[in-house]
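Sending over a structure as structure tokens; questions will come in a sec.
Chain IDs A, B, C and D follow the sequence of writing; residue 1 opens each chain.
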Amino acid sequence: MIRIVVSPAPIDLAAELARVEVPGAGGVASFTGLVRADDGIATLELEHYPGATEATLEALAQVACVRWGLLAASIVHRVGPMAPGERVVFVGTAAVHRAAALDACAFLIDRLKTDAPFWKREVKVDGRAHWVDARASDEDAAARWR
Amino acid sequence: MIRIVVSPAPIDLAAELARVEVPGAGGVASFTGLVRADDGIATLELEHYPGATEATLEALAQVACVRWGLLAASIVHRVGPMAPGERVVFVGTAAVHRAAALDACAFLIDRLKTDAPFWKREVKVDGRAHWVDARASDEDAAARWR
Amino acid sequence: MAINVLYFAWVREAIGMGTERVQPPAHIVTIADLIDWLRGSSEGHGRALADIARLRAAIDQRFVALDTPIGNAHEIAIFPPVTGG
Amino acid sequence: MAINVLYFAWVREAIGMGTERVQPPAHIVTIADLIDWLRGSSEGHGRALADIARLRAAIDQRFVALDTPIGNAHEIAIFPPVTGG
């Protein structure tokens, strides 16, 4: 089961996790990225490249399913404006054994960060706004899976 | 925030995850272990060592909090009889950055498997029952964190 | 041959639009050539496309290096390095 | 000195009880000694404690090696390798 969603709707964590708990799974891993509240951010805006985004996420999920023999892989990414504490991204994986689920989950979020066409814009509480720069640490994290 | 629960009650995944999504967290990782439905198991019974179990899990969570600077660590383990598809264990971690949350989550489930005094007994659909043997692969997985 | 060019994030913001249809002259071979040529379209294009090291691109929704020939592309996207998740 | 001995999993099942109170003689120094001595208590004890390689132990809820001296332990648990999660 592969599920790819890119949408401005809030992420329903319970519903998303329930979808990943497929029959036969012994382990389910998840990662949820949240808008951090601690650096003066009032609003985070996520822009993306419609069509290309979904295709990239689908391709990543397929790679993970083959590499780790996953029973389920789900990537749900929110776009548009969101507030601190809100969920930006959910990655869920299910496998017969836990190591596959855990490794595949880390792989998907690391590669998503560098490969999928999303861009973040931060609006601070004082009204100033800027586009977030890409981070070398994200490149490093993604590189360890190649 | 450290949360340790050992209980025969079913694990409420949405409620447990919500508790881990603490203010300031940028990443939340979770692992859920499920009773596998695919090897003729009718019932899985979990026995534990009351008191020692909670102390072991608390100690593991504290180690993880210090080692990865976690904002939250939660371990919820079910005991008693349960059916295929039901949740046996939930591990949730929250950190400012994703790598800490992901690594700490993997650490906790790996170490829990080898360090915490739980014992599994499988009752098959044909009525036969046996105590599950410890696995060398669990020892290997736990050893990589030392 | 006309190409749809898409812009995202601060590239889009500086140019003032998310998409435009252009007809590059025959000597435009690679995406880098195209960026070079687009830079003269407006003051906003000039600013958005000034530093090619800060730009990434896709041809027909496939991510490619900037020295990739345009070929028969229908859609070319120009954008900053991604910052998702 | 009396000690509470706890059994878990198939050790408990074979012995037929989860806990008992014992008063080991003075020559019982380590947990391995205790296991050796307990083995004679009943047929079930004999079966449960036959293979020391399959046993693990805790003194006062702290996990220890089987050659650990009992000392002033109040509670000793004997059980198979753990299989949780």
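FYI, a contact is a pair of C-beta atoms (placed from the backbone, for glycine too) under 8 Å apart; a residue touches a chain by one contact, two chains touch by 3 or more.
This structure is a prediction, so every number in the text was calculated from the model and none was measured.
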(message) Among the chains here, which has the CA centroid at the largest distance from subunit B's centroid?
(response) C
(request) Find the geometric centre of each of subunit C and subunit D from their Cα atoms only, then give the gap between the two centres in Å, rounded to an integer. (result) 73
(message) Rounded to a whole Å, what is the gap between the Cα centroids of subunit B and subunit C?
(response) 49
(message) As a quick test, compute the distance in whole Å between the mean CA positions of subunit A and subunit C.
(response) 26
(request) Could you list which residues of subunit A touch at least two other chains? (result) 33, 98, 109
(message) Where in subunit C do residues touch at least two different other chains?
(response) 85
(request) Could you run through all the chain pairs that touch each other? (result) A-B, A-C, B-D
(request) Quick one: which bits of subunit A touch subunit C in the complex? Just the residue numbers, please. (result) 33, 46-49, 51-52, 55-56, 77, 88-89, 109, 112-121, 131-135
(request) Provide the residue numbers of subunit A that touch subunit B in the complex, in ascending order. (result) 13-14, 17-18, 21, 23-34, 36-38, 85, 96, 98-99, 101-102, 105-106, 109, 141
(message) Please output the residues of subunit D touching subunit B within their complex, sorted ascending.
(response) 6, 8-10, 12-13, 58, 61, 63, 77, 79-85
